[in-house]
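Heads up, the next two complexes both have chain A, just with different partners, chain B and then chain C.
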Partner chain A sequence: MSVKTIVLHMNRVEGDLEVHVDVADGVVVDAWCKGTMYRGFEKILVGRGPLDGLVITPRICGICSTSHLLAAARALDDVFDVEPPPDAHRVRNVTLMTETVQSDIRHTVLMFAADLVNPAHRSDPHFEEAVRRFEPFRGESVVEVIRETKKILEIVAILGGQWPHSSFMVPGGIVSVPSSADLQRCLWLLRSFQSWYERQILGCSLERFAQIESVAELHAWLDESPRHQNSDFGFLLRAMRSMRLDEIGAGPGNYLSVGSLEMPNDTRIKAVQDSHFLEPAGFAQGTEVEAFEQESIREHVAHSWFMDYPGGRHPFDGETRPYATGAEGSKYSWAKAPRYADRVVETGPLAEAVMSGQSLIRDMLSQGPNAMVRQIARIIRPVRLIPAMYAWLEEARGDGHYYVKPKPLQNGRGFGLCHAPRGSLGHWVEITDGAISHYQIVTPTAWNASPRDSENRRGAMEEALIGTPVKEVDNPIDVYHVVRSFDPCLVCTVHTLRKPLNREWNGAA
Partner chain B sequence: MSWTVESKPVRCRVLCLGNRYVAEDAFGPQVHDVLQDWGMPDGVELVDGGIAGLNLLHCFDHVKQVIVVDALKGFGTAGKLLELSPEQAIFEEDQPLGHGTGLPTLLRLMELSCESDIPSVTIVGVEVPADEQSVKETARRVLFMLGSDVGMTIPPEGK
Partner chain C sequence: MSKTLYWFQGSACGGDTFSLLGVELPNLCELLEMLDVEVLWQPSLSNGTPSQHHALLEAICHGEQKLDILCVEGAIVRGPGGTGMFDTMEGVPKKDLFARLAKVAGDVVAVGTCACFGGIGADGEIEATGLQFLKATPGGFLGSSYRSANGNVVVNLPGCPCHGDVIASTIATIAQKAPLPLTEWNSPVEWYDLLVHQGCVRNEYHEYRIEEREFGERGCLFFHLGCRGPVAYGPCNKILWNRRSSKTRVGLPCVGCTEPDFPQSHPFFQTPSIVDIPIELPDGVDRAHYLAYKGMAAAAAPDRLKQRKTRV
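For the complex of A and B:
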């Protein structure tokens, strides 16, 4: 058996991710996910004031800015032992949910669906329609999504008082108090987004879609109306099945959700099984859910370019000491390898749907996980989030109570957890003598695109790639589908305007 | 930046791009900070766009002029100050429509998504690495460009 190694510089992911796969007899037999850039935000934060993480960490990522802000604020809530007022939770939640629903649609239509127009699918009966809808810069759905998802982020600007990279969350609540008019404007923006999402993406109302509880009911829904079949979701469903995305990308089958969106007091929204979160925390093997304990998180560095330590360490005890030489071959990524209870886990919308008890997704998983169900969980997540966004915007009081002043503190430590659009995110912070003495960040893509751990177990995405068919080594389309279904994002980094080497430049304008 | 809650009419935006925590990419934010210290004329909104990518599309709406400040690479010798038109800046990116979306893609999408007349756009930047003098020189160039439009007095040399 001959083995060929393919190096994929993944586009539409981030410049920082390389995927190497070994291919034998037309399938992937091994895989390595390589984070190629050292971040070092944890080192930047050490020695700074306790609140500096609220300004610096939102700049870790241009897409998940609000997620990092919320995780940093929750960590400081914990350090200062202060509980924000219910309306502060409502506003924090709504801004995070805005970022999430926008990202879900943009990723699906602009990034994931772009692979459906890959020439490898030219013979598929859905190809021409995929091009009409999803061709980059030209597709009808692409243009619609760019226009519509631009508007809803205005909610973050209104509630946060600043955009981009807002820092309006602080320990004890938020500092940008919305007026009644602000809240009304947000509701109008949400209605506008919902109307478009129902018409363009789903082809039906949120209420109708939420009634679908099984694969059989999904098929019946698809056949029910041309509007369902011809919506972007309806088309994606047909195209993904035709292109066999339901046969690739299984992954480890373990799912993790750290819990997100604190339930405020006196809300009309009901949490699953009286959870403190709208999106419950949990660990699942398949669809069997167990309680989540943050103490069970460990980060391994055996195959990461950091100073070695045996086994894994909890983020409170973890180190970020870059070490790039002396172990070439065994170390291959700037990402650490997080593990939960000594297990390789996947995080993201699919994991969250499992913990939320979403019947349709759990029924789909009964046939085994795959790239298609992972993406479906993402594109239908707004069905679950939008009703709660309405409730919390309507329940919040204009010019109300949004902040509790914490007591001064010199020493302490805490953690903040939430769901970024790509999955579970955690910040762990320790304050000593009034300054940050320790900071650790575990991102969703660190979970999903982790390298091997100290037991030499592959990360979730590496595992999902095993067995993926490769018909063309120069264009391994199924590998692209699998990687894309995790929506990896290894930190937004350098955006210097670079002139391509093959482009002539004739001097200044 | 205040977006949508701005009460005064905005005729021009100065949009400074880059990651202030990555040395090679910090040029735009550094120019932003200098301009913020110097102050902007009425009708001009200064934006620290950071690394927000596609989420900056709204910055091109409802204004007549946008000046984009960004670090440049591959356009000339280090420290050279350049003005580019959108046509000169729009290259085929390796990563169209992705998390790593850069200025060329932002400019292409701006034309598709602008909710008003498409503004006049100029890219001002310096070939990196850039020193402090280049940062101030670029800030002065931006003010010069604004001065011709809104009657702004340019700060003297040395400020």
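For the complex of A and C:
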């Protein structure tokens, strides 16, 4: 058996990801995901003012800056022991959900579906139509998505000043005080986006789609109307099946969600099982859900380009000293390897669908996970989010109460968790003598594109690649499908240092 | 004949790419078509396999494929110890690849503060630098004497991110070979010869020195909350973000993201001051006269502002 190693520097992922796969007898027999860029955010954060994470950390990622802002703000809420007013939670949530729905659609159509246009699929009956819809810069759906997704982001600008890279969330709430007219304009934007999403992406109303609870009902829905078959979702479903994306990319089968979208008081929206979050926290093996404990997170560096420590460390105790060995030895990535309760896990929309008990996705998972169901969970996530966005925009009061000033503080620590579009995100921060002394970030892609850990276990995406067929070594199309189904975002591989410091600081602004 | 464009990402977050996707009219696809610009490569959007990309890069660097416009997003990484190994492609430092592209590019555009001045990583161990500046110091990765194949300096479009309209307009100007007057920071005069303060809806509060001390009040953010609007140059309050608003309009202090020293070393959301007078005053003002004027203005402030009735 001859083994050939293929090195792929991936495009249409955020940031720099190289995938190395060993191929024997036409299938992937081993895989390594390498984050090839180290950005050293630690030197920027450590020693800075306690609120500086609100300005610096959104700049980690151009597509999920609001997610980093929310995690940073939640961490500071925890540090200052302050609970934002309910309407501040509503506005924070709506902006995160806005970022999420634009990302879900842009990723699916601009980044994921472009692989259906790959010449490797030339003989597939769906190829010509895929080109018509998804060819970069020209495809009909591509042009539509570029035109429409930027409009929904105007909600973040109205509520928070700009997208990307706002810093409008602060410990105790938000700096803005939206007026009734501001909230009304957001509702109009949402209405317009919903109509477009129903027409272009789903081919039916949100209500109709939400009725689909099983694979059998999904088939029935598809057969029901040409509008369903010819929507982008309907076409993707047909094409992904035909191109056999439901036979590749299983992954570890363990899922993690840290919990996201804090439920405000007195909301008409009901959370699953009275969770504090609209998107509940949980750890699942298959579809069996257990409680999530943030204390059970550990990060390993045995195969990451950092100075070694034994086993794994919790983010409050983490350390990061870059140690570039190049291609020598066992280290191969700038991403650390986070593990939950000593297990390799996957995070993202698929995990969220499992935790929130979505019947359709859980039914699809009964046949085993794959790249297709991972992408379906992403493109239908707005069906679940949009109704809550309406509720929270309608419930928030114009010129209302959006901020509670925290008491000044010199020392403290806290953490903030939420779901970025790509999955679970956490910030852990420590303030010493009025300045940041420790800042640790664990991103969705650190979970998904993790390298091996100290027990030599592969990361989730590495595991998902095993067994992937490779027909052309110059163009291993199924490898691309599997990798992009995780929506990796490598700009987020950032790490931290702990160092003593002294700086005067007199309160939370 | 089509103009060609290659979009290079160094140490970047992708924010400028997403800012460009937000351009209103023409949208990105229409713009490229109107200008007859062919995108050879955009890492977030292009199709093409890694091996095709590799072949494209070789063709560009060997002069077999012409490159009219090289857009650079993100800083050039030189660390550790000048090796560039903190940011590699297929084991090769990306800084070396960028150096080859810069030799053949017709024009070079630094998109965003990281590419212009080093930005987020300029003080970090990654030894990040801008293309022709390191923070406020001329030089950067390419050196002050660098000129593109068309004989031009690197055009700087600072901002974190840079506004999409600014990127689109600059690409259009270069593609059409129209004149592009630049500021002392090599940024287009059109977009960077005005302060963020211009057009802020809180200007009347600034004028009469009605100050915001706590988030969520109506007032000027400059005196206590660290707003850089009267110091930082950029069109945020002229062209607005996402066609709707700006940071200062919603009560978020300007963080000075277009400035060569962004991110500033002193804490955000605080104005360094001595007895309530900011140490740094609006760009270019005479301190003594400014203080006298502000004292008189505060005394003349109308009640509707003092009572913060005027909406922002």
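In the analysis below, the second predicted complex is superposed on the first by the 484 of 509 C-alpha atoms of A that agree within 3 Å, B and C clash if a C-alpha of one lies under 4 Å from a C-alpha of the other, contacts with A are read in each partner's own complex, and residues count from 1 in each chain.
Just so it is clear, a residue touches a chain if its C-beta (ideal position, glycine included) is under 8 Å from a C-beta of that chain, and two chains touch if they have at least 3 such contacts.
The structure displayed is predicted, hence computed values, not measured ones.
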{"item": "First, second, both or neither for A:P136, with chain B first and chain C second", "value": "both"}
{"item": "Which superposed partner A:S65 touches (first chain B, second chain C, both, neither)", "value": "both"}
{"item": "Which superposed partner A:A114 touches (first chain B, second chain C, both, neither)", "value": "both"}
{"item": "Partner chain(s) touched by A:I146 [first = chain B, second = chain C, both, neither]", "value": "both"}
{"item": "Chain B versus chain C, judged by how many residues of chain A each one touches", "value": "C"}
{"item": "First (chain B), second (chain C), both or neither touched by A:L51", "value": "second"}
{"item": "Partner chain(s) touched by A:V170 [first = chain B, second = chain C, both, neither]", "value": "second"}
{"item": "Touching partner for A:Q162 - first (chain B), second (chain C), both, neither", "value": "both"}
{"item": "A:Y38 touches, of chain B and chain C: first, second, both or neither?", "value": "second"}
{"item": "Chain B and chain C contact sites that coincide on chain A, given as residue numbers", "value": "9, 11-12, 14-15, 41, 44, 56, 59, 61-63, 65, 106, 110-111, 114, 136-137, 142-143, 146-147, 150, 153-154, 157-158, 161-165, 505, 509"}
{"item": "Chain A partner contacts - residues on chain B that touch it in the complex", "value": "1-5, 17-22, 24-25, 48-58, 70-76, 82-85, 88-89, 91-92, 94-100, 102-104, 108-109, 112-113, 123, 125, 128"}
{"item": "Residues of chain A defined as touching chain B within the complex", "value": "9, 11-15, 41, 44, 56, 59, 61-63, 65, 106, 110-111, 114, 136-137, 142-143, 146-147, 150, 153-154, 157-158, 161-165, 182, 489, 492-501, 503, 505, 507-509"}
{"item": "Contact footprint of chain A on chain C as seen in their complex", "value": "9, 11-19, 21-24, 27-29, 32, 39, 41, 43-51, 53, 77, 79-80, 83, 85-91, 120-121, 123-126, 160-161, 214-216, 225-226, 236, 240-252, 255, 257, 263, 266-270, 311"}
{"item": "Parts of chain A lying in touch with chain C, wherever the complex brings them together", "value": "7-12, 14-16, 18, 36-44, 48-52, 54-56, 59-63, 65, 106, 110-111, 114, 117-118, 135-138, 142-143, 146-147, 149-150, 153-154, 156-168, 170, 172-177, 179, 322, 324, 326-327, 334, 402-403, 405, 435, 474-475, 491, 505, 509"}
